[in-house]
């Protein structure tokens, strides 16, 4: 099975949600308390996916809200420089700051993060800042689950999803669950299932699907039975080192393997996976190849220092796949 | 056309949303500033509809949150006394009060109201307080638009709608727009269209549909073209004294006339309309008759002092219809 | 001892704080749940004291914030009609409502109240709405403790106290403790002691002084030792039916007796006490007489239906004192 | 004139207020947008003053609230390591983070900063976390104006000031005005004058005194006339490169000169000034010498990379004073 996209669209992918700052430890093998130097990168799941897509050659756009300060200007310039259309990135005029994520690089197994997400600009995107004329120019609208955590960003995303569906833009829902911003598990479950039911493709870890279903120990079989009763035609469920599964509404199941690599840190894996997986779908590759692209991209990023700057090229991905074939 | 209900359900109708206190002027023909005495009634659109339904003989239940004080206890007792099941009315334990509505009775054309709706208990209903086992016992879930105005009530209602659909309970969406509680017109439009698209029956004034569409001067034709692309099978649009229209998905249009009466005050008209209209549908009457029931009930209530206490019996409604036939 | 006032001032007393609506049960001897009719009065401790003072012939002014609605207009008109200068009453332009107090009249011992104090207009008075030119026209600034409960009213009052002291206006601090609005006992204690240390006269119940000292079972001796180290020259501590004590910095102690009466309800006692006590001080009576005036006024008000409308005249007070001499 | 301290106290100085993280640009001569690497230090005015004092040999303590995370632990360890008593630093249990200050080092004249101060832990210090037994062990309580910006920190500081006065601990008020956290200029003026009137020593820039007086173009003469009517016995007003003035209640005026230095960045000047000025007072030096200590310390810190780590020793200060004598 292949997902069919509207090929007459100007953009391959428009992502909506947060663009933030990552401050990654410059010193390795020590806890954050002892880390004295941090290096600045653009971060945030949908921003990383757009950056990853752009580096792979996709025509990408971004809808979001950034701060009217030094960090906001850095983000916009960086995204512009990698070729992302930033015309629909709004500058906040009420003093909200962009989110921050400090990371430590203690060991491949332990990389704690420390997030600053109070009153962040990205969650102040309003429905009136979401433009139908922009969304309908794209093949894909990529929605990050975190953007549903608070009003008015929540409503901006719900409006974007409605406009995408009205204009035959495929909705990709990356669950991207960050407990920090949410009021309650009940609330998360309400919006995650609402948007998952409306999406065309849903991507997440098994744990994230459990959040959507407000349960523990969920089963893939039950999840896909539930979601295939609604809009989704493709569901990707990731099980960490055990690999990932792609299910199609028509009944197929595909299994993807993780590639071995020398892991520096684990963050960034999900975003690089999503960008390469979507790149493969958009360029007409089959689902099995798309799973390989996702895994290869994730494997490259976890061996490097950043999430955004480390996003690989198509050549790097293909080489890794070939080497491991 | 007739709406088909699940006849093996214990409840005819379960309403979700606010139950409040009305304080109606005891002195007529003067502005509220000069009104010194007020009489207390139960109020709030979904509570009034449940009360109206119960007085007509429907088996009704209610999902909502009330204050842990004298007003909350009055509301629960009153609803119990008219035969409503109150087992799913939750008592707030965080000090939230029930809403208040002071009314003046200045003239049939001028009846200003004054609402106390800050941090009211009804908007603190949480998703975890909505029970699937309760909802699936009903033919109808009646949703009031105001309950969507704020979290966590908003999520409680979205969950209730999802549970109703999952369990084949008809969702009736009474738009019931009250600008007071909403953050923005954009936000209202997002949730009104979201729930209207999921509902089986939508009832509102032309102005309320304009709120849903975030526009002015909307046209019935466009509204029904939009909504019939989604779940609704019956749409009622009220045009005040010019009467109301009922549209079916199968293409029929019915017009209902307002009955002449001696108007004391205008509030309460919408709730009495909805309760009698739904009573007629549930008891298997055709849509034309249901429109008459709605108009007759409204005409009776606007001639009396309260919204809840004044709800008519089936005999009163039928007599009025016969007299005006 | 007599308190010395600046006799060249235009106003005898300017009160700062809340003006609200009381909704008193029109039906007696029943709980509020069964009370169906309520009668509207102006309420709120500093408003009642100003009204009481005006009825006794004092030239009174008021600084406060009221709602831009029917209740706000009623309050302003009522205060104007009893002769209070309302030029410094500000009308809220952000939708805040005036507070409400529902009362039941169950028995002389049991009169529960139900308060609506969420986001009330009086607590939104800002420092910039407090005018030095107004305050310096008065002999007395009467400060109600409840006005310290939240910002920006808290800062408006702190500014008013600073301006009063700068302009040789006597500061009377009526502790008027209402737990509802306060974040914590610690916070109350901080502001109560701050203002009590700056005041010239402090009036409150023994329980309210305990709140100021953040303790239980406080002793009058310790309280006056503490406060007389600061600005106060007169301290009144009320012990309910056991009567009240007035202490002077120069070392005198006076005891006041409560007058027997047929009690209808207990609310309103403190405000009527304060207004008559201050009237006596301002008109040059000695402290013993002032205590009698306070007790007589309280005894009259608790036998009547309202707190404000029931405020007695000088003749009524003097007659009661004479009868009981 | 010399300030007299209680020499039998265990601590020379206890500071109350914020302890934060500074993230200083590791790359010089470029705007923050282009700065990619940041170095972490402890920051926050009262923390810096305590650190500066401890490096000069004072026995220092700190009252404040830090986050329960990697940054909070770093701060506490750093302060411990320089010899500050941290027994009264409270760890926040509600998820509040410590404040952050990103700095650029563009040129000696231009060093923009970017602050993260939303819902920061330091402003959640409560009155109940301020202990009388601790405060009364100190000669000095150093109060930072920023700690007055929000409740409950505001009340914690007001309580600390009251306890200091009750226990004969000198209150030093460092105005330390940061507009970011304040609701309005009116509010700042209310609390700045309230605490300045209660303090023994007030230190600030001319601009900060204007904030206290809620005016522009204030005059030193008027400021000291006002404050010497209340508690202060020593007032320091800084005029940047033009030097600073110290005024005593007994009528003396002293002028301090700024020392020439090679400026790297300007932040940190005020804190290093205060710590060395107070060190000199506490160790019994006269006011003229204290002014020199303050200027010398500031001159050393602005030539170095951090605010806290760069705090000088007594020897460094004395050498600079000697060289410039």
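Labels A, B, C and D are assigned to the chains in the order they are written; within every chain, residues are numbered from 1.
One rule holds in what follows: a residue touches a chain if its C-beta (ideal position, glycine included) is under 8 Å from a C-beta of that chain, and two chains touch if they have at least 3 such contacts.
Since the structure is predicted, the reported quantities are computational estimates derived from the model, not experimental observations.
Under the contact definition stated at the top, no chain borders both chain A and chain B. With respect to chain A, maximal separation of chain centres occurs for C (centres as means of Cα atoms). One simple way to say how far apart two chains are is to compare their mean CA positions; for chain B and chain D this gives 60 Å.
Distance from the chain C centre to the chain D centre is 41 Å, each centre being the mean of its Cα atoms. Rounded to whole angstrom, the centroid-to-centroid distance between chain A and chain D, based on C-alpha atoms, equals 43 Å.
None of the residues of chain B touches two or more other chains.
Taken as a contact graph, with one node per protein chain and an edge wherever two chains touch, the assembly forms a single closed ring in which every chain touches exactly two others.
Chain pairs that touch one another are A-B, A-D, B-C, C-D. On chain B, the positions that touch chain A within their shared complex are 126-128, 151-152, 155, 158-159, 162, 183-184, 186-187, 189-191, 193-194.
By the touch criterion given at the top, residues 23, 26, 31-40, 69-71, 73-74, 77, 97, 100, 102, 104, 112, 114, 116, 118-119 of chain B touch chain C in their complex.
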